[in-house]
Each structure stands twice: as structure tokens, then as C-alpha cells.
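The following block contains the structure, expressed as C-alpha cells.
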Amino acid sequence: MFKTFKLGGVHPAENKLSEDKPIQVLPIPKIASIPFSQHLGAPAKVLVARGDVVKAGQLIAKGEAFISANIHSSVSGKVQKIDNIVDTSGFRRPAVVIAVDGDEWEESIDRSPELKTEITLGQKEIIQKINDMGVVGLGGATFPSHVKLMVPEGKKAEVLIINGVECEPYLTSDHRLMLEKGEEMLVGVQILKIALGVNKAIIGIENNKPDAIKHLSDLAQKHEGIEVQGLKVKYPQGAEKQLIKALINREVPSGKLPIEVGAVVNNAGTAFAVYEAVQKNKPLMERVVTLTGKSVKDPGNFMVRIGTPISELIEAAGGLPEDTGKVIGGGPMMGKALNSLEVPVVKGTSGILIMPEKESQREKVLHCIRCSKCVSVCPMGLEPYLLEKLVMFEDWDRTQSEKVMDCIECGSCHYTCPANRPLLDYIRLGKNKVGQIMRSRAGK
Amino acid sequence: MEYIIIIIGAIFVNNIVLNQFLGICPFMGVSKKINTAVGMGGAVLFVMTLATIVTWVIQNYILNPLGLQFLQTIFFILVIASLVQMVEIILKKVSPALFQALGIFLPLITTNCAVLGVAILTIQKEFNLMEGVVYAIANAIGFSLALVLFSGIREHLDLMEVPKGMRGVPIALVTAGILALAFMGFANLV
Amino acid sequence: MAKKESSFVNMVITLFVVTGVAALALGGVYNLTKEPIAIAKRLKIEKAIGEVLPEFDSITEFKSMPEGGKDSLTFYQATKAGEPVGTAVRTYTDDGFSGRFWIMVGFVDGDVISGTSVLEHKETPGLGDKMSTAWADQFKGKNLNDFNLKVKKDGGDVDAITAATISSRAFCDATERAYDELKKQGGN
Amino acid sequence: MNQVQNFTKGFIKDNPVFVLLLGLCPTLAVTSTAINGLGMGLATTFVLVMSNIVVSLIKSQIPDKVRIPSFIVIIASFVTIVELTMQAYVPDLFESLGIFIPLIVVNCVVLGRAEAFASKNNLGSSIIDGLGMGLGFSFALTLLGAVRELFGSGSFFGMKFIPGDAILVFILSPGAFITLGYLIALLNRMKKA
Amino acid sequence: MNDVMIFAIASLGGIGIAASVILYFVAQKFKVVEDPRIDEVEESLPAANCGGCGYAGCRAFAEALVKQGDDKSNLDGLNCPVGGNDVMATVASILSLEVEEQDPLIAVVRCNGSHANSPKKVMYEGATSCAFAHNLFSGEGGCSFGCLGLGDCVKSCDFDAIHMNSETGLPEVNDKCVACGACVEACPRDIIELRPKGKKDRRIFVSCVNKEKGGPAKKNCDVACIGCGKCVKVCPFDAITMENNLAYIDPIKCRLCRKCVPECPTEAIHELNFPIPKVKKEPVAVSQPKVQDVKSIKEESPAEAVKEPKSAPAEKPEKPQEKPEDKTNETN
Amino acid sequence: MNLLKVSGSPHVHTDNSVKNIMYGVIYAMIPAMLVSVYFFGLDALRVMVLSVVACLLVEYLLQKYVVKTDVTIWDGSAIITGILLAFNVPSNLPWWIILIGAIVSIGVAKTSFGGLGKNIFNPALVGRVFLLISFPVQMTSWPVPKPIGGTALTDAVTGPTPLGIMKEGLAAGQSVQEIMPEIPNYVQNLMTGFQGGSLGEVSAIALILGAIYMLYRKIITWHTPFAYLGSVVIFSGILWLVDPTQFVDPLFHLVTGGMILGVFYMATDMVSSPMSTRGQLVFGAGAGILTILIRVFGAYPEGVSFAILIMNGFVPLIDRAFKPARFGEMVKS
């Protein structure tokens, strides 16, 4: 039986164009630009200067704040400059720009391909290792993984949930990773279980990836306490709270973290990164990226070094199509539109989607006809039409009391609105303003 | 049964605002927010009941025996005005919280013809004291119902971009008109 | 012109003076208008009686409470040169579309309606209030011994006002009440 | 402000009904015909002018604390005078205006003028102000009455020129609200243009 | 006198007395003191309830004024921007205090990244909200400091004082501005500043808030401040400071000598409402083409006009030619 | 290449559009339109065409010359209003009354509020009630249906509706059982259309067919109709059980008058009904109770229009009071 969450949800066309394409290793770029801030939280503090020579895997920026993450060089070469570059955020932000020279790695990294199943480290060392290797969540939010693994005082983790849902249309990187690196991933899951002190893990996979479900179910036979669960195809099945609801039928209360109901959610890719970090001593310096789009000649999945400009990725997939209208970092539902093709791949880049001009055009915005479709698709049970209006009229008190902060920005409302209202745009703005107001009130 | 007819008649069939045209000024003026509308409704309920009792007593024990019916208007308004002012002063001292909620509406009530109107109508309809009280309460409820309904609609309209020329008072009046149209369905209910 | 201070004595005196003067003035006006008002009221009644009865020169008036009714009817027995010409009855119904209304019905020869006139009503303008138009002429000269005072829908002889059957029915009810009471009082 | 402006402001610029939204109850209730509107307007005008006169004459003799009650008594007296006079000489009109004659006393226009204007100005200005405001009020009521009568019974000041029924709603309560709404919208538009 | 009159006088007079007596005693018994001056002060305020004073509406401000007047016996730091000095003087006289005259302020838009000066590199679609766009990306022209042109400032103005110029894509302030500061608050990029109106409405300011180094700044916008420091050097009154590659002219120190204006290689320094320098033959003065070409397009107010120096770049005089004009400017 | 576009997520959109929804409703009404033409002949066609054209024209003129906004007459909503207005009037209504109805529906109830989506009240119903009160004579004389196969189309026989017969009979003091014989086979007749009434209320089957289509296309949801019909059955059922001689059975209420039309096509108008499913249930239940209240105790034989309009007025308050089920609220952790 395929499980699912109850409230809301939509089913956009899946368009998984690259699901049968094995992961290819993309050539190392000539120049890599590695931003300091590739994670949620404080930017890392830079350790290198212009002219320094670095090796692949060398620590180049240190996450010093509690919520922050280390940054490693993904290539070997010379630091050309430390300057502002346009990154996936759409802004010019500081990054280390490295002119690549050869491919010399740190000696401590184990580059051998064989599977290492035996886990030697204890809970504390594992978390330290994950911290050292700069692992962050690869499911989208890039939340530093070591922080997530430190269960707060008074709370108890009961179950680890591995998010292999990949509910975004087009994207296939997790899918391919689960098929090709399934064994490593399961070792990663075991490591995460030790780190959290739980003895049960559930891997949730949407039912449009039957091969991955089968593959991992077979492999999981060999592992204790790992269960694979198929899920109904419904967006946003992969959103943390919805996934928890679907898998263990618990609801994370408003404004609370999953640990409140004893769950911790990690992405499948994160599990693989944890395996590499702990067993192979390898920092998070490359990741799987899907390059896709309807007019792209050769959509595919690529293993890409962090810092590679997306233009090189696009070349590898057959070049930029003529009719390109929009280039999106991530999937079509939650991804960010990029404003330059020189943006580097960062830890959180799960895919690059190239949308044709025709499809990328937003339709004319009409008045809300109160069809209540947005209300019925919202997985959080909010009233997007109302939030939009309240934000437009700057009624922040009511925006807050109507629970704007619960919005997970899944975009279902925006997707479904027959009047093409830019609902999520305004809701995001509202979250921002209300967040500011709440913080300044808390500060007082 | 008598009372039920009075109540339904006053609230729905002959709604004081939508059908009798009493208390239109506060209906238009204090209906921009639901909360204030509720406050105003409460204040009117209180004053209307009190005023009806007092004026009924005056009519039946002073004016009628002395044959001074022609002084009705002046007596009633004087009494109502003093009553409102007294309530205001006392409330301010005794219950600042209630004053906060109702206080700002009290002065408005003096010039609210609903209160005087109901007092006069009670006499005209030859109600006894108990019927008069029920009538006053029912009318106040009818007033509050119309006011709260209307304020809900107006708050809703505030989030819509009504065409420039119609914004504000005109659209409020048109809405009230359609509401009155809808309430005609209650015609002859009792 | 300095304002008077709001001292207690001042306040009381002022209010007393103001109310006193007002009362004085109103009493005066009341006395002045008492007569005209009474005349106006009487004129109205007389006019109504005149409308429903043939010519007369004097009137005797009495009241009577109908059985089960809420208010009393007023009878105006008209005579001309000592000869009775007919009786006008000020009657009412509670079945109007908007509650009670009052009409005046004139009877001659005991059973024959000589005319009707609407005195006070709250029926809807344009609908119920058509009863004060030519519509009511259909009652004139009808002998109630053979005229069924019911609207046609209810099996009677009265043509209802279009879209105002309720008012028409009520009108019949008021007339009926007058007639019944008149009979009880022993005809003319 | 000169006296001419003082007089004319009540018609459009500060019209009590269309602009200040005061005295709406009689405005809506009695305007099913133009005549009723005019009658109500004139009755109000009389009260307005007379109370303005008296208030401006005795303003200095009234202590502040009892200002409002005194004014109310003065106004109520004139209302009663109107009531009695109308009853005596125009009983039909009195009947069709009904309860709204005594309610002139709570018409905010009257008290508002006494309070805001007459208690601060001299006799001459007060009379003109009262007259201007009152006629402005009458103008509004007559206009509204005329429009409603025209659509609602197909007549103008009682002269019928469409046989049979017209659009009944206009002389019922919804028609009052809706007509006033559109009149105000129209006036706003004309003022801008 | 008949009975009716006597009854009338007795009863009505009685009620009158009864009412006044009762009211008097009730009022005595339930007295609540409230400073009557608050009402007075409130009445003298413009009742715009715009919040420009920093308080929640005029009533709150009146309370604050009375309170501070009692505590500190001055009204320093409290100002009603809508009413200006007149109102504050009235308030002060109610509270029998003195007030200092405050220079009237006006909103100034410090960005000149018009469509011509900072061409679009990408196209934005979505909510018409600067605040939202500011969180989304750097802007259509690529400058992450400049105006987004979606008009949050325009929406925030209660006084109809700021409007979008559809040709430049930049907002323009007119003289209805009362310096309430709503637009300053509304702009997510802190582009708008309240500056003294200046004598004869004359103002000089740097029309740029870009803090990037010269190269990247210039790459996105022709008229960006590139932080070259020339103006700092030339200012005789030390009114210009340079921080984060951005020059800022202190309006208090600036004496409107206009020396800095021609100095700026990117024409980022704007002067408003100065007379057009009398030029002999050649079209040399910096400000001349500004005023001329805009005047031909736009209407009366020079304050608005001067903001668009580069809308016709072809007419722009060559830089070297500006140098000899220094003196002319000064003597004007 | 064009300039790259930048916008917030999401970057894809459904094919659903306002137009789609509105035309869906129009398609759903086609069976009922055909049936009405079958029974009332060309007169029905005349009323429908007039009404739709008038609505479109009024909207066009107002948008173009008065409000000065984009002209959106082809979004389908004005067509629906036109058809529903026509469905709510007798087939012999003079053209000028239809025109007044269109002006009130579109001009007063819709465009004055800002057009599609902003109106508080259901435009077609405002139009109908306005006409009903203004022109009680013309609006309550119902031509008797005459299938096209029958005799002359111009036959002007008018007759009362079943609800009218019932109301009159009860008012005249008859009991339900005495009146019933005057309305033989009413269920069958109303289902298939052989009964006096307005254009759109003659055939319940055709209307239900359209309703099923709208439900299937997810244009409407089941909540409002369910609550509406449910409360009608319960409330009228209670009355019926109390005194079957004075109150008719629930089935009669269900199939007569504009019940089916109102429940499926007008109470479901998304613009003037609540947003949350809970709200829709409350809305429907309230409308059902009011309908019976007016039908049984009020002056009018028919209460659907008034009931829906009154509930329209309550929608803002309902929207405030009945929020959707929020995530994290349903199961306690």
C-alpha cells in the first residue's frame, strides 16, 4: 500500500526526462567559484588568501557559528581572487575563485571505490566528522547536518526518515543516486542511525520510482532496522512535515521541529554524503546534479564539483537551447530562477532546469475568483488567497495570526490558481516581514 | 408566542436598520471594523433597553396622567441624553475596561435616532412594560445583527479594489441596499 | 461676553430656566394649536364618512368591541333631517401585509355597502396601497346578502389586487368585521 | 468666509447628506416621493434656523457643562412646535412623515450646527448658516425623492406620466439605499471633473 | 395660564432640575482626571494620522507631547512633519514652551539607474513589490543596491508626493512631500533619504547608493558612484565622506558651492534647482543639458526635471570640457 | 536569445483557468437550456438570448466607458449570469424587464463592486429578486409548458407553480391532502419538465445532469449542495412530522421551485460563497433552513433566491469563523 499525507497537495506533470540516464562525471572546470555561504546559517569564515595554492578537499573556509558549515575546495589550483560573484541567491556575494591546475587531492581522502561497510566511529566522532567534512542537507534547505543530528536536551529521536521522495517534477538526481549508490547510501543510513541513537529508519520513496523502491528493498534485507516504504505520487510528498505525516502518521505542530514528534528527516543524498564523509574521509565537494528541460538536447545526471559554472554543465548536455526563457536552480516548484549562466553549482544545487520561453511566461494575473482551490491544495491548511490580500494591504498582525509562518513555500497554491495570482510571492514577502516583526519583538 | 412574534418581527421582518430606517448614521459610520461594530451593538443594546424602560415609565406615569403627550419628544430626548451621559460617566470610573470597549460609542448614541425611535414606537404600539423591554432588546439585536453583518462585508470589501468612484460610502450604501433586498424575503414571516 | 462658569448653581438655574421657558412656549403653542388639530382630525373623519355615505346632516357616534377583536370599532350613524341615511363603521383588520390597517365602510339599508375609504395603513406602496384606488369601487352597492366577501381565489366574489391578495383578503376581513358587528348592533 | 459662501456651502461642498452623511434616517425613510422629501427638508430647515437663532443669542449665558442638554431642549422645543403646527395645518403630510418629525431632534445636522457653528458665531451668520444647511438638506432630500419617485412610481412631484406600475423597488427600502449610493457616486465624480 | 401650562412648566422644569442635579453629583462622584491639554494639542495637529512623527497616530503624539512638555520642558526631538513648524509652534504655545525652528525636509531619491543608464539584463515577473523582488534577486539591471522600480515607495505615500516616471523607471518626488518618511521606510534598498529642502529648494546629493567597487558598479550602471574620491578632495567644507566605495554629502556641512558636481566622472552628484549657468557659446555646463533635455520632455517643476541627466546620452558633453566651467558654476 | 526571466517559484502552472471554469459551467447548463426551449419554445430562446446579450452589453459598456478597466466580457462569467437570470424568470417576460434585470445584475451587483470575483452577492440572484419585488405581476405569471410537438407556441396560458398552488391553498385554509390532487404527478413532471415555472426550474433531470458534469470536472464540490439539501430535508421533515396536514413532505420541497437550480448552480457560485469546506457546509445548511422558513412561513412561495442572498451576506463572517483544518491541528502529537 502506498502511503500519503492527508491535506491538500497537487500533481503537476512529472516530466522525469532524465530518469534513465546514468550519472556521468563532469570534467573538472577551468575556474571554480566557491561561495562562502552555501548553507543555511552564518557564512563560513575564509581561511585562504589570494595567490594561495590549494588542493582538492582542502578546508578553505570554516563554519564558526553554531549553525554554519565548513567549505572545502573542490579542485586543486591557485586562488585567483576573493570577490563578489553572482550565485544562486541572485545576489553578488563573496566567493573564492580558484584557477584550476591539475587534480591533486588531500592525502587523507580515501579515493578507492570499494564499499566500506564497517562503522568504527562512535556517536560523538561521527557528528564531529560530519561537521568537519562540511556536510549539509542536500534535500534543498542545506541545513548543516551535524546540527540536525545533535538532538536537543529533553527530546528523543525515535525514528530516522530518509527522504527519497524527490517529488519535484523533472529532478532525478536522488533517484539515480539511490539506484547507483544504494549500498553506500544504506551504510550512510546506518551511520545516521548511530549518530541519532535510533534503531529504526524508514526510507520513503514515491511510487513513480518502482526500480528504486525495489532496489533498495532488496539491499535493505541485509541491513537491520531499515524499512523501505512506497509513497503515493503527490506533491509535496517530500516536504518534511508531510513526509512524517505520511510515514508515521504524526503531525509536527505549528512552529515546531520534527524532533518534537521524535523524527529526524534526512535526504537520500545526504545519507550518501555522510557515508563518504565518515567512511572515506571525503568532504562534501561534489554532488549529483540533474540537467534537464524540454528543449535540452541531452538531459542527464552529472557528478559535478562544487563551484563549476552551470554554463559548463549546460554545454555537457548539448548547449543552451534556442528558446530558453528561464534557467532554474532546482525543480520547477521550489527552484530559484537564476539571473546569470555563470552561477556556480553549490552544495544545494540538485538540478538545473531550462525552461522554454513559452512555458516560462507567467499568464496574465486576474482577480481572485474565490474558487478556493488554493485553500484546498494547501498541505498546511492555510488560506493563501487571504494571506496574499493581507500582505498586499500590509496587515501584518492578521498575516501572522492567519499562520503565514506555517507556509512551507511549496507553491501548490500558486501552481493551482486559475486566476494566476502570484500567491506565493506575496506569502513569501509576508513571511519575511512577519519574521522581522517577530524577531524585533522578541528582541525587545 | 406574543413575545416571539415581537422578536422575530423586530429582528428580521422589520429590521430596524434595513427596513425601518432608524440608526442609519451609526450603521454607516461605525461599521468599518467588526470589533467596533460588536462594541457599538453592545452599547446600543444597553442604552436602548434602559431608555425604553425609563421613557415608558415617564409616558405612563407623568405625561399621560397630566395630559402632556405633546411634550413627549422633549421629555424623551432629555431623559435619553442625560441617561447616556450618566452611563458614560459611571462607566468611565467603575469599569474602565468596559468604557474602553463601549465608551467611544456612547456619545454617538445620543444622536442615534434608533434609541429615541424605539422609545416612541413602544408608546405608539401601546406595549406594556414587559413587551416594551422585549421589543427594545429585539430591536437592539436587529440593529447589531445588521451592523455586524455589514461590518463583515465592509472589512471584506476593504481587501478588494472597488472601483474608485464607488469606494467607501457609495458601495456601502449599495451593499446595504442589496442586504435590504435580501431581507425582504422575510416579509410577512410573522 | 464672558461665558458663565459651570458652577452647580449656575447649571441648575440654567437648565431650569431653559426647560421652563421651553415648557412655557410649548404650552402656548399647544393651546394655540389644540383647536386646529382637533378640527383637522374631525375633518378627516367627516371627510371619510362623507366619502362612504350619502349626504347627511348629523351624526351620532358610539363604540363597540367585537368579539375576539383587539380594538373597538366606531359607528357613525348618519341622519339627514332626522331620517337615518346609513351607518359608517371605522373598522380594522390585523391580517394586512404589514399588520393592522383601518378603513371606513359605509352601509345603507342594512346590508348594502355604500362606499369604502382607507384611513390608515402601512401596506406596501405600489402593491397593497392600491386598495385606496378605484379598486375599492367594486364594493359599492353590493348587497352582502348575496355578495360573498372573499377574494375569488378563496371562492368569493372579490377581484383581488394583482400581486396583493393578502391586502385584498385583509380588506375583506375588515369589511366583514364591520358588517358582523353592525348586524349584532341590530342594523341601522 | 463671506456670507455667500456661508450660505451656499450646504448645497454641494458641505452638503449634510451627500458629503457629511448626517441625518441619513429621514433622508432614506421619507424620500419615497419628492414632496415628502421637500416637506421633511423644510421642517428640518425651520428647526435648524430657529435653534441657531436662539443658541447664538443665549450662547454666553449657558455654562459649558450643560451646553448640550440646553441645546437639546431648545431644539426639541422647536421640533415640538413643528409637530403641533403640522398636525394642525398639514395633517396628511404629517402622517406620511410619521415618526421622523419627532426624530428631527436627533438629526445630527441640527445639533451639529448648533454646537459647531451657532454657539461660536453671531446672529447673522448663524441664521445664514442654518438656512444654507437646511436648504442643502432639503435639496438633497428633494433630489433623492424626485429620483426615487421617478423610477419607482413613474411620476414627478405627484404628476404621473407613466401609466401603470414602475420599478417598485425604488420606493421601497432597498431602493432608498441604492439610489443614495449612486447619487453620491455621481456627485463625487462630478466634483472631480 | 391654564392647567396644561402649569403642569408643563412644573414637570419639564422638574425634569430639567432633576437631570442637572443628578448629573452634577454623578459627575462629582465618578470624576476621572485627564489632562485637557491633550485634547487641545490633538486638535491643533493635522489629523493626518500618518505616523510620520513616530507615534501611532495624532492622539498618541499629542499625549507624548504633553508628557514630554511636562517632564523636560522642551519638545526637542518631537516633530510633526506634516504640520511643520507652524503646528509645532501652536503646540508649544498650548504647552507654553518654546520650539526650535526645524529645517523643512524633503524626500530625495538617491538612484539614477534609469532604463537608459542601467539596461535590463534579465526580466522580472511576479508580484509588483520592491520588497519581494529585493529578496529574490539583485534587480533587472544587475545592481543589487539600486532602485527596483516596482513602486513600494509610491504606494506608501499618503500625500500623492511620489510617482513613478515610466520613462526612467525611477520614482520622482514632487513638492507635495511633507517628509513623513513613509517612503524611506518602505524602500527595501534604503534609497530614499530625507534631506533638508535647502534654501530656494536647492540641494546637492550623491544620487547613488552602490557600495561595490568601481568596476562592478560601473558594469551594471553608467552613472554609479565608483568611489574615486575626487569629490571628497575638492570639497572645501569637508562635507563629503567616503565609506564602502560610496560618497555621501552631509547636508548640514554642505554649503551648496557646487564644486563637487562637475568633478564626478560618472555624474553621480546631482544638483537641484540651481539656475542654469550662463554660458557664452558652447554647451558646456554639466547641469545645462540636464535641465534642457528634460524640460523638453517634461513639465514645469525643475525639481523633477533635473533628475534625469542621462536620458539623452548623445547630448552629454565630454568630460574634459567640464573642467573650465568650475568658475562659472561658482559665480552663479 | 531573449532576456532570462526571473521570478519566484513555482515556475509551472496548471492548465486550469478562470475561462475554463466558467465555460465548464456554461456547458453544464446546455441540457437545461435545451429542455427549456423544448417546453417553452422560441420564447425561452428569446429570453435567454436577450438576457445573455444584455448582460454582455452592460458589462462591456460599463467596463469600457465608466469604470475604464480591461474589457473582460468573454471570461464567461457574464454569460453565466445571463443564462441564470433567464433561468429564473418566466418565459413571457417583456424584453425591457429583462434588460432592467441585466442592468441590476451586472451593473449594480457586479461591476459596482469591481467585477468578477469582488461581488458580495450573487449577481443573477440580485437581478431576479430585484425584478421579483419590482414587477410582482409579471414575475409571477408562469406560462404553462407546451412541448414543441404540441400546438401553437404563442399560446399564452399561464398557471401557478406547484409551490404557488400549495401556498395559496394553505393560506385559504385547506390542508395539504386537499391540495395535493391539484398537483398530480408533480415529481415525475418536475423531473421531466412538464410543470409551470421559470425557464430553469422545469426539469430537474437536466439540471442534475449538468451538476454531475460540474462535480466530475471539480468545478464545484459536494459540500454546499450536500449541506443545503440535507438541511432542507431535515428541517422540512421535522415540520412534516409535526403536522402533515399543514406542512408538505420534504420530497416536495426538494423537487419544486428553484431548489435544484439554486442548490447546484447558484449556492455554489464560488465568488459569493465561503472558502473553507467547513464554511461551505455552514453556508449550505443556513441557506436550507432559510429557504424552508421563507417557503413555509413567509409571504413568498419560493425562498431559494432570498435564502442564498441572505447567506451571501453572511459569507465574510463565515470566512472569519470557519477556517480550514490546519496542519498540526488534526492529530495531537
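Labels for the chains are A, B, C, D, E and F, by order of writing; each one numbers its residues from 1.
Heads up, the rule we're going with is that a residue touches a chain if its C-beta (ideal position, glycine included) is under 8 Å from a C-beta of that chain, and two chains touch if they have at least 3 such contacts.
Please read these numbers as outputs of a predicted model, since none were measured by experiment.
The chains that touch both subunit A and subunit E are B, F. Note on connectivity: the fewest steps through touching chains from subunit A to subunit F is 1.
Put simply, the chain farthest from subunit F by mean CA position is E. Centroid distances built from C-alpha atoms place A farthest away from subunit C.
Centre-to-centre separation between subunit A and subunit D, using Cα means, comes to 70 Å.
Chain centres here are Cα means. That of subunit B falls 34 Å from that of subunit F.
Our note on geometry: subunit B versus subunit D, Cα centroid distance of 21 Å, whole angstroms. If you average the CA atoms of subunit B and of subunit E, the two centres end up 46 Å from each other. Taken residue by residue, subunit B touches two or more other chains at 70-71, 74, 78, 82, 85, 165-166, 170-171, 174, 178, 181, 184, 187-188, whereas all remaining positions touch fewer.
The residues of subunit E that reach two or more other chains are 4, 8, 11-12, 15-16, 19-20, 23-24, 27, 121-122, 125-127, 132, 136-137, listed in rising order.
Multi-chain contact residues of subunit A, defined as those touching 2 or more other chains: 90, 337, 339, 361-362, 422, 425, 428.
Shown here, the protein chains touch in an arrangement that is not a line, ring, star or fully connected set.
The list of touching chain pairs reads A-B, A-E, A-F, B-C, B-D, B-E, B-F, C-D, C-E, C-F, D-E, D-F, E-F. Partner subunit F is touched in their complex by these residues of subunit D: 165, 167-170, 172, 174, 178. If you check the complex, the residues on subunit B that touch subunit C are 70-71, 74, 78, 187-188. Within the complex, the subunit F residues that touch subunit A are 1-2, 4-14, 16-18, 20-21, 72, 75, 77, 114-118, 221, 270-273, 275-277, 319, 323-331, 333. Listed in rising order, the residues of subunit E touching subunit A in the complex are 121-122, 125-127, 129, 131-132, 135-138, 142, 144, 212, 216.
Remark: subunit E residues 120-127, 132, 136-137, 140 touch subunit F in the complex.
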